[in-house]
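All chains are identified by letter, namely A, B, C and D, in their written order; residue positions are counted from 1 within each chain.
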């Protein structure tokens, strides 16, 4: 019984976006087998007991222990190969994860397809005024509509002109330079599970651009049932965790809500948020 | 005497392109010191004789030996940090070299600058008819001019509209999606010398898009005086070399110019080219 | 039909050595599926035609093309996980391949097992007189026997003493320091196929210590049926190939068997060997 | 004025151990220059303001910000090359850091030197009874002395026999297999600053074997004056920090000192320790 044969493991994002699991190791061909089992098996090598088949409870405990103590190598024994359809401006962010392997659709060899990222009205967000990034706040309907219309025009004009110069024989490697960053590309993207979890911890974060975060969320949803203990631990010890700095520990210990003067203004703001989350 | 203080080590490419050495290790602060010396020093560790200072001739021989026998690790003991100004469509090719470290200008934080790649008339090349890539053949003056004009229009329109939506407060991370691939970006790009040489062997190749090749050529020119023996060996054993396959060796040995039927059509074409280069 | 279920894929090396395929991606669960197919599928992404199912002949041609032109990334889409039982002096060589993932038996946690590498009489080779490495020439029966006897004594004494100090409660992390390099260790070793091929090209080479080479040969034998076209290409273009340097090309073109004075003595020896292989 | 010229940057460890900075990038040749400046310069690229020279206070704030938000890439723009003299059992731990480059003394080419790790009486620690590692508790003087004596005997006997078989012409690659793990080796070890900090966070930890930790501590001491803000942030946000899991946050919020039943026994012990550190 091969889980990958029976369920097409994919999630669509917007009109053209796609995240799909093509293959993985272990292939989950045996009943009860999960990524967690392969991780535990490798981790037990250090104790010379990798052929032991312990209870589920023991496996869960081991996974949690590996997580807390940053023993990352057993998680490298699992690999996942995705197929992604994504716009270039997102691809340019995701490719910064250098530990993944990529094969990409090339506009040197083939013309761009008629696939472009166009935001929905709700997706046209304003610039944040306090930090340097995009905010959650939405543009007015009028401005959003104008931006969407412009995006569509740029895309269709770019595609039309690309075809026009293609007809004149202009080389595709040159012709492509006028395509916008909203143009879709296609990837095979292969990564080991340790690095996928690191990627997710960065890209599920609220500081990540929403459009990129949606790809991380899709990978997260697709992989979660394949590694239940690992993702439970990931949520407990990574996503839902708080790191307290030395200065913050000192402040809590002294029962004061003010950080030492050695902290920066921004650290004080972050500390207040942490205290709130801790109910202190 | 610090060589990096005295010579601004940079090469301009076109109107906006730039390749500049920011720093390197060794810093060449001592007279007579080159990358080659640091490589030899590390290589000699395996013989326990890294504090020996042998003659230049011996160093040259060692570098050549390391090259021929693929002993790459001593070349990792040298690092180079570049500053690059380059259009996004080239950046997307160069970033495939995952062994380099990158810090990039971000259009999430700052608006695009008024810098775009616009080809010269000679740079508007036709699509190759026999392989899938761009060719050396140039477009007609008329077609080239039309393409250049269009490129300029796309760029100036994109910049104008970007500013317009910026004024309306649209988030930069969204606003950027309509910028064309010709838009310039800026990089700090740090790489060790082993991986730089591998990068150069791929990107100086005639199959690489000319616009990307120019960046590789600039790096090559800038680094060559810093590692004379390494680059001499690189030219002898890598760039200017020929690899003969098992089938090709058999054919030469049998004094025939035909490859065995196990070869593909394309391999036969490549073999003919090699025989020509060898005068056989 | 899962090939990994039906065949235990393993090769024994000497008394205690073992190379075993634990898992791979693709898992070969579908009839006719090989590593080659997964590689071709990923490679075709650049042409936007990865869902095409071309003939075997076309696949073979593509694999050979990728090999000749150093398009390595599609080979990264295949992963293999091995279990290795190997002595520490070999483990120390293999771990230099940093692109693999490792989980290792730890003598901090567990005592050493009663497994040591002891050479056979034929395996006690003499030091080469012309280069710095071991030679093919064998030691006298007397010397070999003395070495074997000594090796066995060191091993059994080390094990006995380790147990003695274990009984006294000495920490294993300290106790282990007197174990010899012949002590066996155990590894999970996971690597992608591109890096496995690179590893094999280095470790199948005659310059590699014989004992390490045997591990490379076992991996080679185990993987060969899983990727027939890739290994055919590997033999044609890598293992059985000759690289001619620029100076060598010039010499052949000028129909002389002497290299230019810019070459070193050693290069001349290597050139003579190449000419012999080429029948020139 | 080149800082590396004037101060021999090295720390001795025990009788034969050595950690020495051979070179670094930036080379600190300009007054006031530190690693911190190079990191800030690269980080500011994303804001297109890398040629700005802000105040020290602003630099410190930026370094702290990068640390808290895991923006690791600017730290990759700094490289350090060490020379290490270390016993094989420690080398085998440190080499697990795959992001470093290594050139090593080879016993295939040269005989072992007369350098072995021999613990001091205080260094012969007992096995921990509660976890699987070595403890802080010391062996009795008698047992420690016996272990030290045995270690010295193994070492001197191994060296003597190695020389004996060397005289008989036995190949060094074979001869070395009887050398103990206490034998010293020599390394050039090059790593970027991001990965050095990660290495230090793992290897300064109390779970690391003391003998390995001493090498991490030496690197830490040597590098600290070269990057004062980075190391201050490293101490505040990494070494001296506490990570609270989701379950721990819930417990603190509910003002209870018991973790939910979803936690393991070991997590409860760790939580008690954290509460103590926090004075809660």
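Throughout what follows, contacts are C-beta pairs under 8 Å (C-beta built on N, C-alpha and C of every residue); 3 or more make two chains touch, one makes a residue touch a chain.
Because the structure is predicted, anything quoted here is derived from the model rather than measured.
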{"item": "Count of contact steps on the shortest path from chain A to chain D", "value": "1"}
{"item": "Distance from the mean Cα position of chain C to that of chain B, given in whole angstrom", "value": "31"}
{"item": "Inter-chain centre distance, chain A versus chain C - centres from mean C-alpha coordinates, in Å", "value": "35"}
{"item": "Whole-Å gap between the CA centroids of chain A and chain B", "value": "30"}
{"item": "Touching two or more other chains - residues of chain D", "value": "47, 73, 96, 102, 109, 132"}
{"item": "Arrangement of touching chains [line / ring / star / complete / other]", "value": "complete"}
{"item": "Residue ranges of chain A in contact with chain C within the complex", "value": "2, 5, 23-27, 29, 38, 41-43, 45-48, 50, 73-74, 76-77, 79, 81, 101-106, 109-110, 113, 186-188, 190, 192"}
{"item": "Contact set on chain A toward chain B in their complex", "value": "87-89, 92, 95-96, 98-99, 102, 108-109, 117, 119, 123-128, 132-135, 139, 143, 146-147, 150-151, 154, 158, 161, 165-166, 168-182, 209, 211"}
{"item": "Residues on chain B engaged by chain C in the complex (per definition of touch)", "value": "47, 60-61, 64-65, 68-70, 73, 96, 132, 202, 207, 235-237, 239-247, 249, 252-255, 264, 266-267, 270, 277-280"}
